[in-house]
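Pasting the structures in now, so scroll down.
One chain, subunit A, appears in both complexes that follow, with subunit B as partner in the first and subunit C in the second.
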Partner chain A sequence: MKSDSWKPWALLGPSLTAVFFLLVIPVCFVVVYSFWLRAPSGNDIPAFQFGNYAKFFADFFYPSLLIRTIRVALETVLLCLVMGYIPAYFFYRTESSLKPFLMILIMLPFWISFIIRTLSWINILGDSGLINHVFLKIGLIDRPLAMLYNEAAVLMGLLQYLLPFMILNIYVSLDGIDKSLTEAAKSLGCTEWQAFKEVTLPLSLPGVSAGCLLVFVLTCGTYLPPMILGGPGNDMIANLIFKRIVGTLDWPFGSALSTILLGLLGVIVYTYNRYLGISQIFKTLQ
Partner chain B sequence: MGTEKDPQFVKFRGIVKKYGDVTAVAKMDLDIPEGALVTLLGPSGCGKTTLLRMLAGLEEPTEGDIIVNGNRINDTPIHKRNLGMIFQNYALFPHKSIFDNVAFGLKYRSVSRDQIREKVKHALEVVRLPGVENRKPAQLSGGQQQRIALARAIVIEPDVLLMDEPLSALDENLREDMRREIDNLQRMLGVTTIFVTHDQREALSMSDKIVVMRDGLKLQEGDPETVYNKPANHFVADFLGHSNFLPGEVVGQDDENVRVRIETGDVLLARHRGSWKQGDAVELVVRAQRFEAHRQSHFQPTEGMNSFAGRIKDKSYMGGEVSYFIELPSGREIHVISMMRTRTYDYGDEVSVQVAPYHCHLIGREPEE
Partner chain C sequence: MKLPSGWSLIRAYTILIYVWMFTPIVAVVLLSFNPQQFGSFPMEGFSFRWYFRLAGNATILGAFKNSIVLGSLTAVLTTAVGIPAAMAFVRYDFRGKDTLNTLLLAPIMIPEVVLGVALLLFIRWLQQPKSFVLLLIGHVVLTLPYVLLVVQARLVGIKKEYEEAAQTLGASPFQTFWSVTFPLLAPAIFAGMLFSFTISFDDVTATLFWATAHNQTVPVKIFGMLRNSISPEINALGTVMIVLTVSIPLFAGYISRRFARAAEK
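Let's look at the complex of A and B:
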């Protein structure tokens, strides 16, 4: 090892320190809390026991929330993938001078608070929201449509939150593909569509893969769209954690739920990366 | 013409390509003989690549017809044109094995699996890279990758092979080898080839015909000797090789030579080509290698040779040769490349420069821009 090979690491130092103190240590605390006891009085008693975990598996209600979370996350991934690839491909192919402007539009939602963006859907989809208001006015319906407080509304809320992540991930991958590859494919006999299937699609998979993983993980940890746009039956695991810790101040059980989610996501991310993950796809390219 | 085959395999007729207000190619008429290697030579932005891409089907001409083998192909989509295209950056598919890369075009040509294997094997032997079927492009060197690209293009037995600066991504020594290889391969296969380059040495060394382009216009076409030795205008003379331009005026002529008075007052002889009359404003074009410099004190002019005086202003040693910049009494500098047969000169040496009339070429002086 060269004597100054530590230098690049020095650049990483501040971030590593921040991550360590602001993330690793608090997570350790959460894990420790998950073994504590909660007295009937509401006090947390330091202990090392698996009661909180046993409680999770004793009532199927809790695992079912986890299963629903994963199902909703997969649905979100699928929706984002289909709705994200097309604009990403458009950005890759277009030579329009509007491209930078349109790219900014993708970022635009990040300038408005996530909560406000989610809440604003109530004004559009709610009983006295825009759509119902207009439809009632023109006599298309005589009773407000129930568009809020169901899974579709939750999915829509998740989609508007996560779609930009998917688009940008796929776009970055597409943008790295040399356009002469498609030209070569076409000159060798491919139609536009065949060239896409043979060349562009497989070479964009690293971005697709990264985008899917990001959307999946972010969905699993979010609670705002189900809380604001979902009904009582649409809670996801993060909603439960929120209610336990913020609502009933049951830190030990909330921590156990968090630890279970963290462990599950860890296993999923590891497996994903191992078999069709980003590093794997890059390896086959080289 | 009846049943006789048209020797011109590819024909461009009145081709115009505009991008908005910019004209990339202007009214181009060009014939490519069957089996020939034709080079489109010019600086970047001259329209050579655009012309190639229009033939490939990657760009659409704004006006004009492109005819291949007697058929107008303007409206034939690219994937039905059966042309082999070689790109500057090889454009191999990074996610596919070498076998799949080379077999790619065959897959879309209803060739049986056994035949594909056979043809790929043969193509790899032709480009002298047998046995690399299972590797990925990134495992090969740049030169090897370009050979695979070549194999991929020739395996489909294209009507025309199109090469867009195929050597410019390679380093100097490799480029020389690859150039000879492409040249040999093209002659062996006899496939009509259009080669786009900005490198005059590539163009001169391998072409049957060179087309010199600038600003979307064809400035001259002809075999390498003609284009090099009898440039049609200042640009062609300047672009190919190290040319000296001596402005002057025609003062007379005999059967063999034209007499031209240059700025220094010296009257030089230039071999009679084309028609000139007394008083014509001309430029005398002389290649740097054609001048001979002699020490003035020992110099005896040779009968029938042009000679004039100058002083060494600068020199640079190039290994096999020495470049001199010689200042004439008029202040004009000329470039002389000497092959080191004689002794070298130093700064400030007074020399006599000699050149045979045969090596002096006349072109019309263009109005100053």
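Let's look at the complex of A and C:
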């Protein structure tokens, strides 16, 4: 066995090389670039100064985007939880023969491009979308309600993207619970609700917290729903990064924004991993 | 086991969530058949008008070609890189195993927008232009962690004893791999390739940083078309994408079940 010790390293070589050169080094570059200067001509000058960060904190505009990102991410987490726990519990308890079909259906959105899922809400919420069409037809309103280009529309897009992640995380956790535990609780005199509250709910918490972390991180890193479904006041930090890098080509400032986002999520993921362990998330994604 | 009280409420709630989740997607498919000029309700008949228009649009066909070539190459490369790594994690014990596993899965937890910026910045520093190669290596990084997860899960089920038995019976290492390991691995390879193809084909967040006008994928093209609100053409294009990326995994699942049944006989 001892002479085999080189083998795993040979097998790992290609992926480690790929991740090192295409991920680790580029991300380090982002951090390095965030200290560079942008000349008025548009050229980037190597430097070590905190001007880009000073610019971020100079007035309330940029920090307010970061705060909005965190707020929207927390709203998304909370709504995903409210919308996702009951379906996950349904999957756990159902004895329907349709269960495999329903499970595939919940995974189906993973296979549909994010951009299509996002823009599909225009067909529902738009001035001539489904809701306005139906409401006008039955005479509930006499002119279209403006439902697009606000935070609620952005949340719709985010929720549709992230809800399956939450449901699956919770389901995997629930599915690992020995059902005889609830039976035991009930035979000892617990009501159905007490058994859920005292046994099932606490045991499902690892999945709940893993789902919350994943939803939070994914929300912070996306710019598509605010861009397509939001108005000018709904931009999040990722939108700003996109505009600075792709729009105005301000690499140093764009890098500083990316570093701030990365730092924030890094602290959150690190803290989570420290106290709760991150492997639960990877378990679910299998 | 007896179903809990309030079960009908739980079921109704679940059905509502399904309706909420799928109504927008169904609307895209329905409206793509609406012959009317504006992509909106009400439906005024049923026609393939917008599909014909798509089929006659050279840039859209070009984007499809790009997406398919990119997805296929990503699938081959990612699986070629990922399967050995998955084998290392499942089969061997070595120092730093958990740390390395976390490192290779890290791209999942790094915001995609930062991945997009990072690789673009790196390429710029190397003074290389945005190109197809940038898209390809970017998609390999994006899909590698998912392939690792999926393949590792399948590999756990393949016992080392089979290979040891083959070698005891006198098979060379190559023969062992070719006639024992590879057939057992095939479903994992297949699943990995399929997974990476679909992720690559669908990706938009990071791809928008890397694509150029000459190297558009279908989602990037859709993004470009969206600038001037939603049109029936976008709904039709969306429907084609949905049918393609949903039917591939469903079909693959069917095939692998057939294989499994054939193997049992």
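The rule is simple: the second predicted complex is superposed on the first by the 253 of 286 C-alpha atoms of A that agree within 3 Å, B and C clash if a C-alpha of one lies under 4 Å from a C-alpha of the other, contacts with A are read in each partner's own complex, and residues count from 1 in each chain.
Just so we're on the same page, a contact is a pair of C-beta atoms (placed from the backbone, for glycine too) under 8 Å apart; a residue touches a chain by one contact, two chains touch by 3 or more.
It should be emphasised that the depicted structure is a prediction, and the values quoted were computed from it without experimental measurement.
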Ask   = First (subunit B), second (subunit C), both or neither: which does A:133 touch?
value = second
Request  = Give one of first, second, both or neither to describe whether A:43 is in contact with subunit B, with subunit C, with both, or with none.
outcome  = neither
Key: Contacts of A:97 with subunit B and subunit C, given as first, second, both or neither   = neither
Message = For A:194, using the defined touch cut-off, is the partner it touches subunit B, subunit C, both, or neither? Pick first, second, both or neither.
response = first
Task = State whether subunit B or subunit C is in contact with more residues of subunit A in the superposed arrangement.
result = C
Ask   = So, does A:202 touch the first partner subunit B, the second partner subunit C, both, or neither?
value = first
Ask   = In the superposed arrangement, which partner chain does A:183 touch: subunit B (first), subunit C (second), both, or neither?
value = both
Note = So the subunit A residues that subunit B and subunit C both touch are 183, 285-286
Key: Complex interface listing, subunit A residues touching subunit C   = 4-5, 7-16, 18-19, 22-23, 25-27, 29-30, 33, 83-84, 86-87, 89-90, 93-95, 102, 104-105, 108-109, 111-117, 119-124, 126, 128-130, 133, 160, 163, 179, 183, 192, 196, 217-218, 220-224, 228, 238, 241-242, 245-246, 251, 254-255, 258, 261-262, 265, 269, 278, 281-282, 285-286
Message = Quick check: in the complex, which residue numbers of subunit B touch subunit A?
response = 56-58, 77-81, 83-85, 87-89, 91-95, 104-105, 107-109, 136, 138, 152, 156
Remark   = Listed in rising order, subunit C residues that touch subunit A in their complex are 1, 3-5, 7, 10-11, 13-14, 17-18, 20-25, 27-28, 31, 38-42, 80-82, 84-85, 87-89, 91-92, 94, 97, 100, 102-115, 117-122, 124-125, 137-138, 140-141, 144, 146, 148-150, 152-153, 198, 201-205, 208-209, 218-219, 222-223, 226, 229-230, 234-235, 238, 241-242, 245-246, 248-250
Query = So in the complex, which bits of subunit A are touching subunit B?
reply = 178, 180-181, 183-191, 194, 198-199, 202-203, 284-286
